[in-house]
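I'd like to ask you about the structure that follows.
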Amino acid sequence: MAVDTPVDSFDDLRDLYQEVILDRGRKPRYGQRLEAFDATAKGDNPMCGDRVQVWVKYAEDGRIAATGFDARGCAISIASADLMAETVQGRDKSDTRALFAAFREMARTGVCPHCEAGLADPMQKLAPLSGVHDYPSRVKCATLPWHALIAALDGTKEASSE
Amino acid sequence: MAVDTPVDSFDDLRDLYQEVILDRGRKPRYGQRLEAFDATAKGDNPMCGDRVQVWVKYAEDGRIAATGFDARGCAISIASADLMAETVQGRDKSDTRALFAAFREMARTGVCPHCEAGLADPMQKLAPLSGVHDYPSRVKCATLPWHALIAALDGTKEASSE
Amino acid sequence: MSKPATFDVARIRQDFPILTQTVRGKPLVFLDSAASAQKPRVVIDAMRNAMETQYANIHRGLHWMSERTTEAYEAVRDAIAVLMNASDRHEIVLTQSVTGSLNLMAHSYGRGVLQPGQAVVISGMEHHSNIVPWQMLRDERGIELRVAPITDAGELDLAGFEALFADGKVGLVSITHMSNVLGSVTPAERIVQIAHAHGAKVLFDGSQAVVHRRIDVQALGCDFYAWTGHKLYGPTGIGVLWGRRELLERMPPFLGGGDMISSVSYEKSTWAEVPHKFEAGTPPILEGIGLKAAIDYVQSIGYDAIAEHERALVDRALAKLSAIEGVTIIGRAQDRGGVVSFTLDKAHAHDVATLLDRQGIAVRAGHHCAEPLMRRLNLDSTARASFGIYTTLEEIDVLADALTRVREFFK
Amino acid sequence: MSKPATFDVARIRQDFPILTQTVRGKPLVFLDSAASAQKPRVVIDAMRNAMETQYANIHRGLHWMSERTTEAYEAVRDAIAVLMNASDRHEIVLTQSVTGSLNLMAHSYGRGVLQPGQAVVISGMEHHSNIVPWQMLRDERGIELRVAPITDAGELDLAGFEALFADGKVGLVSITHMSNVLGSVTPAERIVQIAHAHGAKVLFDGSQAVVHRRIDVQALGCDFYAWTGHKLYGPTGIGVLWGRRELLERMPPFLGGGDMISSVSYEKSTWAEVPHKFEAGTPPILEGIGLKAAIDYVQSIGYDAIAEHERALVDRALAKLSAIEGVTIIGRAQDRGGVVSFTLDKAHAHDVATLLDRQGIAVRAGHHCAEPLMRRLNLDSTARASFGIYTTLEEIDVLADALTRVREFFK
């Protein structure tokens, strides 16, 4: 029953679910609680039942040394949490906030014309998630782990999807 | 501004408000409380604020000897009360109920195909009110005094428009 | 009175398909807009179009139809926020009608925030929808109901109003911004000043006012403002309540159900953020889409033009009707909108309405859901002509001529 | 399975303009009718026609437009009475939605007739709209809330249900007639027998049931029955509550305002007769006119044909979906309507819904406003395909094929 094309019979499904999302959604690399951590927060999207907890460990200079998470939710939210954990490593709080702002714009609009040049690299990594902009109710799946992370950085205990 | 025609410049208004209605509405002949009465009841149409009280005096044989009323309302309701007082005179209770049933049908439909032949005379008198059938919300104005009369005959104190 | 170049009533009339109808063989002269306004084609088309091309239940759907319908529906919240100059779209609560909005206030603010022993102030010219919910609150919760007096001209008696606050018990003023019977516009800024000076919040019933003038809730300084969609050229089945966010957040929910919760368990449920906390069940989706189109339409004409046109209509109506023997105008407020009540000496208001209808003219007659006001005026009923953006000066003349005929007919 | 000669789904599909739409380049396969159904042309036309040719506010108007609109609106009450086999049109109360109907019951019957210390019974598979209002009643009035258990197959556990009545405290059962998640139809006659044997009244939430089978309230023997217009191919913004007249008459009004009063003075207001006592404010006029057209449309097709068509759809869906590796059907009730929930082993329901949407197929995913049921089933969410009279067997096949692709994609 699957359509038989030479290249990729799932081309039509891949505009949102790129390989990296499927992969990270299935086997996240950062999907665990940190043994030792400095901050943690939960995120909750009551509309769809997605839930995530994020743990953060800082380096001595205040930069993020490590991030781990535990998520219950769809592939998008888990992949997003995983890519987030990877891209925020080594960033300080204000850098991380700037990155979230850029990511959020991309998730909502599909592009990020105002992205600072300095963010080109991490944004490249996060780009596979840009397809959510076409599915407005899924945008929150992608941003929920970020809300939890920012809450952790702020010392707040809980975040809710916007 | 009034249209100038030789016959009646108010022809268009007269399909409902025939001369007899204007006349009875303005100067009802039975529009007073009876000095001596055997029964009385009030009628109330909360939707439009019409209110009426009816008094009845019976003859020795149980027929209606006299009817009087006090009404606050439109020309239709006052004219209807007045024509009612006139046509029920000399009728017994069951006659009066039959007349009301016939009148109500005429008020609602404009005709009374099922009217008993015996009612031809009083129905002729009440016929000027048949025009209300074209104005559904005014039907209650015409039937309200009858509801009050029937309530009085039944020994009930109050009637409400159906 | 000159009209702004942008206001062309003949062109506007073309936007309302119903206005070409005849009634009892005469062209329809619709002077009952204060009861409910007619709908422009853009509203009809927006609703039809939604049902034909883009419809599904909203908010929780992940599929295309649901996403698009959610966007189309939620756009009305933005349009309303702009219309009323609310600073935050989350302050716009959508209800079934203004009656729904006022009952929400009486339940949620009245039972949830006000305390027994406090008082609510209404005025002597309220619609039943702004009387009965407060009466029910009074009888159930021991919250006093006070009625601000009005003058014989039909204006709020400001001294009498202020006197009601002397004992410091008033927690809320719920008052009309424009009378649906007299046309009187109440002095909203003064009302707010007085109430706030005494620590009371202010809710306006703006069902009539929003049709006739620009509402700026921030400039008014009020706390809540409610109105109803079908009078602003929108569909039935949708009403609006604007409230300051911090007040809405303090209020408990009113109706329970889908969409207003954050999570539900048998032991305990938690509520969604405002405004959704107050919006239980499938919302008026098609109605929101229709109301959005109505607001866009009104905005495209502009309140300045609307107000100027109405002033001309009211001036003409007052002049023409007063000149007819036996006609008494009810309500002589200085500041007024497009509603004119009157009585005729020789005929009951119902007979007047029916005889005008016979000539194709739709006016309302009765107590206009304002019985206490009728009692204050020593009347059983009035006839009422009310105007919309599509009403013409010529229609006022037709009314005056027809009324003259009615008076002759009853002479 | 043979179809009655009168049921031609291809012809029916022509009555629904939206069904020719494409989504993301694919033909729309709309399998989300349980959330809200699409609208046939007769509904769209009835509403458009009212706005274009015959509209005014109703009940108190004496003029032609108002009289005709009143007739058109009130006709829906007769149509509903016939649809449900109610013996008296005055037993039909019109609300904003079934959520409005259930809240009316929780306020008016719950606070006005039930007494603290009594209990209300719901089931383990209710929609939030039939949970939250009773929770609010419980927390405010000390009326106990009891939950009847369901079996693993998703049927009402009748023994567990009956046990709840042992102490004689139950005053009201408010229970779904068909689950919006599992499709299970509850044994209504047995429920009524048991409840009545213990002196309790019964209210059915028939929002789903009325779409799928003929409801006869006299045969069921229940006391109240509620449903919502937009799921029966009608517009949003209108709901129904049927109740036995003597019970409705005992209940105090809920919302206060215009149209629900007999007379108003500041001291005391008196209420209109049922059903108007419960209908405050301008009613959903256009919505009533639309719902009337929807009911006529459903009646013209007939519930026998509808039920038979749906049985075929459900049978095919259960067979096809069960055959897909990794798919689990949630809910295996014997008696069921056109709603099928399922999960996929390798993918979250939201991902499933999005990937189906990508192929033009609209299904719902989530907790379906039934969180406690999800908890009972140990699930966070399901995907749900639900059917209307316009759903075809081919669309079920398209769903099955697409789901197979999704499963391969996630493998």
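Lettered A, B, C and D in written order, each chain numbered from 1.
Here is the rule we use: contacts are C-beta pairs under 8 Å (C-beta built on N, C-alpha and C of every residue); 3 or more make two chains touch, one makes a residue touch a chain.
Just so it is clear, the model here is predicted, and its values are computed rather than measured.
Listed here as common contacts of chain A and chain D: C.
Centroid distances from chain D, each centroid being the mean of CA atoms, peak for B. If you average the CA atoms of chain A and of chain C, the two centres end up 47 Å from each other. Note: centroid distance chain C to chain D, computed from Cα atoms, is 31 Å. Chain B and chain C, compared by their mean Cα positions, are separated by 38 Å. Residue positions of chain C with contacts to 2 or more other chains are 60-62, 66, 261, 263, 350, 354, 357, 366.
Residue positions of chain A with contacts to 2 or more other chains are 47-48, 135, 138. Interface residues of chain B facing chain C in the complex, by the touch rule stated above, are 1-3, 10, 12-13, 15-17, 22, 25-26, 47-50, 72-76, 135, 138, 141. Interface residues of chain D facing chain C in the complex, by the touch rule stated above, are 17-18, 21, 23-24, 28, 30, 32, 35-36, 38-39, 43-44, 47-48, 51-57, 60-66, 96-100, 102-103, 106, 127-129, 131-133, 135-136, 145, 147, 228, 230, 235-238, 253, 255-261, 263-266, 268-269, 280-287, 350, 353-354, 356-357, 361-366, 369, 371-372, 375.
Touching chain B in their complex are the following residues of chain C: 347-351, 354-355, 357-359, 366-367, 380-381, 401, 404-406, 408-410. Taken in their complex, chain A has these residues touching chain C: 46-48, 135-138, 160. The part of chain C that touches chain A in the complex is made up of residues 59-62, 66-67, 70-71, 261-263, 272-273.
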